[in-house]
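Both complexes below contain chain A, partnered by chain B and then by chain C.
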Partner chain A sequence: MLHIAKRAGIPAWKAWLIRGGAIVLALIVCAIVTMIVTGLNPITVFKTMFDGTLGSSRRIWITVYRIAILLGISLAVTPAFKMRFWNIGAEGQVLIGAFAAAVCMFYAGKMPFFQNPDVPLAVKNLIVIPCMVIASLLAGALWGFLPAFFKSRWNTNETLFTLMMNYVALQIVKFMIAYRDVKYPWSSNGTVVGIFNSDQKLGAYSVGWLPEVAGTRYLLPAAVIGVLTVVLYLYLKYSKHGYEIAVVGESERTAMYAGIKVNRVIVRTMVLSGMICGLVGCLLVGTDRTLTDTLVDGRGYTAVMVSWMSKFNPIGMIFSSFLLVFMQYGAKEVASKPELGLNHSFADILTGIILFFIIGCEFFINYQLQFSRSKKREV
Partner chain B sequence: MKKFLAIVLCLLMVSALFACTANQGEQQGDEGLNIKVGFICLHDENSTYDLNFINAAKAACEKLGIKDYVIKTNIPEGQECYDTAADMADNGCKVIFADSFGHEDYMIMAAKEYPDVQFCHSTGTKAHTENLPNYHNAFAAIYEGRYLAGIAAGMKLKAMLDEGKITADQLKIGYVGAFTYEEVVSGYTSFFLGVRSIVPEVTMEVTFTGSWYDETAEKEGAMKLINNGCVLISQHADSMGAPSACESMGVPNVSYNGSTIKVGPNTYIISSRINWEPYYEYAITAAAEGKAIDVDWTGTIETGSVELTELNTAVAADGTQEAIDAAIAAMKAGTLHVFSTDAFTVNGEKLDSCLADVDTDEAFTPDTEVIKDGYFHESEFRSAPYFGLRIDGITLLNESY
Partner chain C sequence: MWDFIISFFPRAVMQGMPLLYGSTGEILTEKAGNLNLGIPGIMYVGAISGVIGAFFYEQAVPKEQMIGILAVLIPMLCCLLGSLLMGLLYCFLTVTLRANQNVTGLAMTMFGVGFGNFFGGSLIKLAHSEVPSLTFATTSDFFGDGKVPGWLAYVGIGIAILVSLFLRFTRKGMQLRAVGENPATADAAGINVTRYKYVATIVGSMIAGLGGLYYVMECAHGTWANEGFGDRGWLAIALVIFTTWRPSISIFASILFGGLIILSEHLSLPLGVKELYKLAPYVVTLIVLIIVSLRKKRENQPPQSLGLSYFREER
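And then the complex of A and B:
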């Protein structure tokens, strides 16, 4: 006989052992599925995934950058989740932040001051980049503030509200890209902007591009997110704000009884979430040097999963982000090899299997299976 | 419980080991070109636009005996395109193709970094101004295909008139376009001129959806045109929206990007499409042999790049194939020019001069005289279309895109 009981507690090492076991198990199931369905050697498939994400220094940098962005968005949604405020608007908050940064970059490139080749690039960037950062922080903050304000004032549903705000941001970006402004059109065919300030013949060349550090443009965003991870970890764990967030999350009534102004905490935390998202948007635009409606590419939603998988622990999120990025882009590599004969859908199946195990293993961390031994004794 | 888990784990590991021994023999052919090729696609096989490229890529590689190639799908028109192109170059690709307009800036960026690698970009406009020896644009003279498809549409209209299904004052056709950009303008104008070469009284209404792929908007656009009294529909967008709307309303449809006869067995007439295989073969062969690739390559009917697919004889009028063949012969002989200035007027006047925006710049400044010898020279000064004239006889219902 078998029955399920809730665990009172579990040591951290045991929990991680279960998680590690789940990944191993997931890989084995993936291997079996690969073999049965495609007849391919699963090792080849895994090797291809490894090769695709970590196979060269360029690939490693790109992977680091992707992890950083996903991690940044996951950090952003975490305070609100900890408060049990279901913010699924990170997608829109990042996008609107990106949009604000792009506006600064685009229109700066049209101004005579920035087109003047005699002004050094460093001076121009010292003006434009802070403007981009501030603009995207403000835009993200606004996108976070609105649903929180409505929630605290009229108790609107934050899940729907934040979701809808995603579409508003998306449509604003789409509109600007397609809009054929007579003087300064954003795009030449209604679908793409191209690289901002990319004409080497013009004085505004490379204005607003985030600087390359140590020969790669990916180091700076990764470093910013790295610092942010530590700061947010400390903020959530040791600051008064962090404590208030935790209390509000546990029970709003307790928080009220303890004299915490719940509405203020909600609004403050969502503004913070929005600002971090906005900053990530700024990093995306500054590094990618363009704006597209697929810039965020669903990572605002993936971040929700990352945050949950790591139990809102910023350090744990580094691992979850790595895993998801590895799976997603490793899968892309698998799909790109015609000799494997697989397309993107198969790679998605593998990702699905692995996620299933990882999320499923939380069950074994919270509950335990008990095999009743009493029967044996009776015999 | 632990024991149970351990046993399961062991079993699975053993079976996985067995799995590994079932090795797949990789065959490496000796014949064929010894060159590695990369293809970058905006979406995957689910998009008709990208499928057209993917099929051409596979066919070209097979024909040339190339085993070592990669196709990366779902590459957005952003930084990722550069990353992918550079990564392909890192991994030994000597020719790299990209299929979407928005990939251009990123391909140029990669081309500057890897001078030994050839970067070929379909539908782009900047190769002739960038002056990079290893960056190339390609397109096809698809306006000729559109014109021929227009002839099929014109024959159908004429047959409908003769049969008394419509009267002469009902001679109005409709067109669902994506954006008001030159590629689309060039497409619907050449289609219209093809129709008008058969039925001179015809007029056309055009509506735009603001998206290259939006099934609902394309369907609604086609419905709106049909309700406005259009008796035949064609489209330039990538979904099945317009063909399926036509089928449900019983209105004849001239398609694009390949046959849509499955969706519209009772209404589909013919479709024009670009076949990229000849270009891929040409560029890969040239790169392998160390020959220069054209800065701007324009595929034509002769190169096999402009194709008409599957004439649906159940819907098309009798004599359609003959009329098309005659037009092709005239094009080859140089006696028929689609954009002959005798065939159209702008604001009631025949044109003898026109400056087009051939060299891309931010303000879309017209820079090149494109009317010579009595016709508009489309796709000659660069491969991508630049015919942007609004000719008489065509009404645009909305111009917001």
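And then the complex of A and C:
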């Protein structure tokens, strides 16, 4: 007879060994699926993925940037998750933050002050970029505040609430892209917004673009997220707030009896969550210098999984983000090669397989299977 | 005005039916305590499985020799099988392995949408078609003429009524609800929690999968285009909340949502305003969600253990 029992605890190295094993197993399954579906040698496919993500210094930078963005969103959802607040609205929170930043960037470029070529760019950016950051923080905070407020007051289901908010944000962005404002239309054809402030002849050229550091525009966002990782790790582990979040997550009643104001913790944490998402949105817009409705590209949902599969550990999230970015964009690289005959959705299939394995392996970390031997004696 | 209604209503029904299938499936699943956020993915898988079936049947048999019953049954069985496997996967992960339901559901959506678009893309390549879409005019004619809702729409309404009656009046239905409300109590009363969760979720997935097939065969009149299905899966989940977990209300609500979807095509709005207008279903759902939680009427609440895994020894 098979019997399932909950483990009292498992050494950390053993847990990570199980997760590592699951990932290796998942990669093998991915290789087999690739072989069956395409008839290609999986080594060739993995090599193409490797080249596509880490093949040249430019590609490495883009990969680092993508990891940073995914990591940033994962960090943002983590405090809420630790509190067992199922915020799946990161997609919308990032997008609305990006939208707020884009609004600042776009309309600043239309103001006479910023069009004046005599004012140095540094001065203009010193005004615009803080505005963008503040606007995106506020927008993200609002998107985090609403579900938290209703959850804490009336126990409104937060998963469904945040899910709907994603689409509210998406439609607002689509509206802005498609809307043909008579004076300043965002796009010439109603579907694509070009690079903001990209006309070199105008004084507003490159206003609001995040500065390039060391010759690449990807370093600054990566550095910001790096700092954020450390700060959030310390916040969750050593601050009073982090402790309160952990207690509320374990048991709301316990928290209440311990004199923690649960409602306040929920709202505060979600506002923080939303603000970090908004900041990531600002980084996206400042680095990509444009706004599209696919800017976040499902990463708000991927981040939920990154955060969860790293057990809310910011350091673990670096590795998980790397793995998922490598698989997703690597597979997209494979798909972009016409001679291999795949389309880009193949990336989602591979990522899905890996996720299923990682999700499944948690069972073997939390539970153990016992084979009872007592049956034999009876016979 | 009358002409407008005559032309508008059937199209609203046709747009609403995929949502009805999706929401009926999700309601059945949620009543067993499983919050299956994989529904959008499952609907994609259901749609593409049906499309694959239809594709190979159309390839194998010349147009004149196609038999109606086979042309309908093959895609339907493929669709049911595809969504059954997805439901099984979800159950295995969340019920047997007790994984987090939100995470599993999101992963399934990602996988399912990828699966649909990938095989859709492959079929388009196989068919050497010049436009990025596939057409099954012959097969879809067996489903309906694409102007008024075909028989599959009535099946959808029938299923919704049946599920509604099942949950409300049968012993099994009440036991299912008990599992969703409080699995520990249900377990103590001798109900096999695992079996109920498995069956409800798998049947729910199959119903939702049919919604995907309905979309391809009727709304799109036999045309598969990647991403064509869009975010209807999430709208179906929104509909579950909107109807406060009642498939019978969902029949009308889905037609209302369907109407909201296509009304923008009938109204001559400026391009941007149209996008803003598409907010309506989501905002309305949000408002309903808030009102329901404000009023705290017991029969309108989500199942109490929604989203939680059950482990007997952890009571």
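Following the convention adopted for this analysis, the second predicted complex is superposed on the first by the 357 of 379 C-alpha atoms of A that agree within 3 Å, B and C clash if a C-alpha of one lies under 4 Å from a C-alpha of the other, contacts with A are read in each partner's own complex, and residues count from 1 in each chain.
Definition applied: contacts are C-beta pairs under 8 Å (C-beta built on N, C-alpha and C of every residue); 3 or more make two chains touch, one makes a residue touch a chain.
None of the values given here were measured: they were computed from a predicted structure.
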A:A178 in the overlay: touching chain B, chain C, both, or neither? Say first, second, both or neither. both
First, second, both or neither for A:I62, with chain B first and chain C second: first
Contacts of A:L40 with chain B and chain C, given as first, second, both or neither: first
Between chain B (first) and chain C (second), which does A:S198 come into contact with in this model arrangement: first, second, both, or neither? first
So, A:N343: does it touch chain B (first), chain C (second), both, or neither? both
Report for A:K82: first if it touches chain B alone, second if chain C alone, otherwise both or neither. neither
Quick check for you: in the superposed arrangement, does A:K124 touch first (chain B), second (chain C), both or neither? neither
Now for A:T302: first (chain B), second (chain C), both, or neither, which partner does it touch? second
Touch check for A:R268: first (chain B), second (chain C), both, or neither? neither
Doubly contacted chain A residues - partners chain C and chain B: 178, 180, 190, 343
Would you pull the chain B residues touching chain A in the complex into a rising list? 1, 4-5, 9, 12-13, 15-16, 19-20, 22-24, 26, 44-45, 58, 61, 67, 69-74, 76-79, 83, 86-87, 90-91, 101-102, 104-106, 109, 125, 178-181, 183, 210, 212, 360, 362-364, 401
Chain B contact footprint on chain A (complex, rising order): 21, 24-25, 28-29, 31-32, 34-35, 39-44, 56, 58-59, 62, 178, 180, 183-185, 188-192, 194-195, 198-199, 287-290, 292, 294-295, 297, 332, 335-339, 343-344, 368-371
What residues of chain C sit close enough to touch chain A in their complex? 35, 37, 89, 93, 97-100, 102-104, 106-118, 121-122, 125, 226, 231, 234, 237-238, 241, 270-276, 278-279, 282-283, 285-286, 289-290, 293-294, 296, 302, 306-307, 311, 313-314
Which chain A residues qualify as touching chain C in the complex? 4-6, 86, 88, 150, 154-157, 159-161, 163-165, 167-168, 171-172, 174-180, 190, 298, 301-302, 304-305, 308-309, 341-343, 345-349, 351-353, 355-356, 359-360, 362-363, 366-367
